[in-house]
């Protein structure tokens, strides 16, 4: 069984993202953002991307660099509160942005991964985000259709993988990563450590290897992965 | 923080199930079935129950005993292939049975727990189970509404809990338990071991304590929890 | 005491032992400081924490452990981590005893508008709509008026809503008010303020049960 | 070799290294015995296993570890356990390279009917509909005829469907047949049988590419 080995290089992995691809990117802030994979993506200058991520990181970091470089046509996200640069690009019409409530974004991605066509929810039903959404009556209550989201590629980050692609996440670096791991045609996980298959307890695996197509080992954790000094409380 | 202690007795826990309650019961076969809680439920002779469980265990075991004793009015389940006793009761009109595809049953329960009104799926769309279901068009594809399921009480089984209700399941005893833990007004978990709060790694917790209302420690694992000799290969 | 601390301290007093709470963005650090350190309460953070603690002491930050606002928190004994779907299942599934949110406007009927000023401010939605719509109890923590001195508490919101009829209680630096079926009711007045000032700075009818026995905070 | 073993052995030959497979109920124990023990393949079981192994040796059963049929399996290195929602996400999400199911009837257009005989047999649905509808490749393993000798492979199913147009390949003790856009095609004939017997016992038109060079198994 140990013959399954999904390890590859950042460049080979990024090469699977093609012009016009829809790409899910894990992470909520710094934790769980696949910076090394995003570096490789930026380097190959793939254009016209649709990016799907909780937020756009902060200016100069993560997917913000891909957006700032002009490679993102459309961003599907929850909020940009910490990235005035991308808000500016949105306001200037340089990128199209589609906002979803954070947990609905998570459910839309999960629904895509679970082979569902969508979910039914009342979140936002009395607000402007309900405009254009299909309404359905469920037991006398009106709710809205939120369609499942899919992507061509998911770029995710995990703390640990075995060679078969079983993944374990750490603390708040989990966030959208296990959901995106299910919802893309090709799933690429960068990981901080690769361990031998069989060394992770089967009960402690967060993402089963069947969902993961390629694994990239991070050779060294660059500065981007570290504590963001701007968010540290100065005593 | 260690002051939160949700431990109670089987009788007190079962007492939360009232006549006419909808009760979700974890387990897929023997693993994960809360036999001790079901014993307590049977003892208090609460009638007119709606039971929601993957299957009805096998004759003389688990919820089959509750059904055989006449306390179940309606069973929402996936299949009864190993329980000809309950199939007989269904055919004789002694209980009402509603079948769902297994993964759709899981998703309906999960949707209830996740505060969704339902999910949209094409499973069974060309079959007789589609009769009476609302159809919706999603991007040109016709799918069906599957409504979320809720219960008054969930009776579940876990390998380990801390006093705050954080749960860990073991192997295939996980199955429907973490889903049902989210979908009932009152969630009662019987556990094989109670450990001090803080001794389970926060990354290894399968069900966060916020979902769990009461914990019952199993004093001794009765015969029902053991290996079923009828399923053992005789060499 | 700054008005922010005043609000945070009063907000902390809403929290009961054993509850599951979301403190929104911004408020956590301040409000946590006013909770008794031994109070058994589980703080939820949208990015996947149940059991968030106070802000980290400088130098003890963990690169993998942030709160929903990007700050570095501690966690308490019994904390757990989970993914974003599970995190919002806790919110939408009704497992939050209370949530706290700031706002731009709030109406006398409990409508909330705190996410967009069309053409001026549109950073997105985040977790706010789900918190507003689904927490069992929604408490708004806000300055009583805008920076220009205009009331934030109105008969009707003028901005696009976050959710309708969702607010239970409003806590400002001047007052504590409840949204009830019969209207907005004044519950407490800040020791630095007066019923007259609160009524004057509120842009909606405010019921004052008994001016002489009004509790202060 | 019994007809069951014949079918299981031929079914096992469908499995390619690196695939994710569901073997349905009943077949696993037999088919696993025909897989090379070092073949890197991940067997999925609906009750929450990826990486199921062969049946346990008597006395080594684990009370917490069963397969979807209630038997006690081993697990392979790299196996993982998960809940029922995740398990069917693997199925419906298209991560199963192939699934194997038994049947009551199967039509020449790939319709499958294997879950109910109204008024006679209605044990429920289980995971079959999802496996039938969503596995990337669906292989039916069945006796060629009923116990009464009537064909199970028909122009149209007479029983309520499990899923329509879902079957890719049919493996019986007599033949291997593919459902194609132009009809049902005979691919292999059992060494104990003949093209004539297979055609006679099949209740639908069966295309025979070249009778003289028909592969046997």
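Should a chain be cited, it is by its letter among A, B, C and D, assigned in written order, with residues numbered from 1 in that chain.
In this text, a residue touches a chain if its C-beta (ideal position, glycine included) is under 8 Å from a C-beta of that chain, and two chains touch if they have at least 3 such contacts.
Here the structure is a predicted model, which is why all the values come from computation and not from measurement.
Asker: Please give the intersection of the contact partners of chain B with those of chain D.
Answerer: Output, common partners of chain B and chain D: A.
Asker: Quick check: more C-beta contact pairs at A-D or at A-C?
Answerer: Top pair by contacting C-beta pairs is A-C.
Asker: Quick check for the class: compute each chain's Cα centroid; which one is farthest from the centroid of chain A?
Answerer: Most remote chain from chain A, centroid-wise, comes out as D.
Asker: Report the inter-centroid distance (CA atoms only) between chain C and chain D in whole Å.
Answerer: The answer is 56 Å.
Asker: Report the inter-chain centroid distance for chain A and chain D in whole angstrom, where each centroid is the mean of the CA atoms.
Answerer: The separation of the two C-alpha centroids amounts to 36 Å.
Asker: What whole-number Å value describes the gap between the mean CA coordinates of chain A and chain B?
Answerer: Distance between chain centres: 32 Å.
Asker: How far is the middle of chain A from the middle of chain C, if each middle is the mean of its Cα atoms, in Å?
Answerer: Inter-chain centre distance comes to 29 Å.
Asker: Please list all residues of chain C that touch 2 or more other chains.
Answerer: Only 81-82, 85, 88-89, 91-92, 134 qualify.
Asker: Enumerate the residues of chain B that touch no fewer than two other chains.
Answerer: In chain B, 107, 114-116, 121-122, 169-171, 174, 202-203 touch at least two other chains.
Asker: Mapping chain-to-chain touches, which pattern fits: line, ring, star, complete or other?
Answerer: Contact map by chain: other.
Asker: Return all touching chain pairs.
Answerer: According to the stated criterion, the contacting chain pairs are A-B, A-C, A-D, B-C, B-D.
Asker: Can you list the chain A residues touching chain B in their complex?
Answerer: 107, 111, 114-122, 134, 136-139, 141, 143, 145, 147, 168-171, 174, 202-204
Asker: Quick check on the complex: what are the chain A residues that touch chain D?
Answerer: Touch list, chain A to chain D: 1-4, 112-116, 162, 164, 166, 182-183, 197-198, 202-203, 205, 208-211.
Asker: State the interface residues of chain D toward chain B in the complex, per the touch definition above.
Answerer: These residues of chain D touch chain B: 25, 29, 45-49, 55-58, 61-66, 68, 70-72, 81-85, 87-89, 91-92, 116, 122-130, 133-134, 160-164.
Asker: Which bits of chain D are touching chain A when the two form their complex?
Answerer: By the definition above, chain D touches chain A via 17-18, 20, 38, 40, 42, 44, 50-51, 75-82, 85-86, 88-95, 134.
Asker: Which stretch or stretches of chain B touch chain D in the complex?
Answerer: For this pair, the touching residues of chain B are 28-31, 54-55, 77-82, 87, 90-91, 97, 99-107, 110, 121-124, 126-129, 159, 169-179, 206, 225-228, 231-235.
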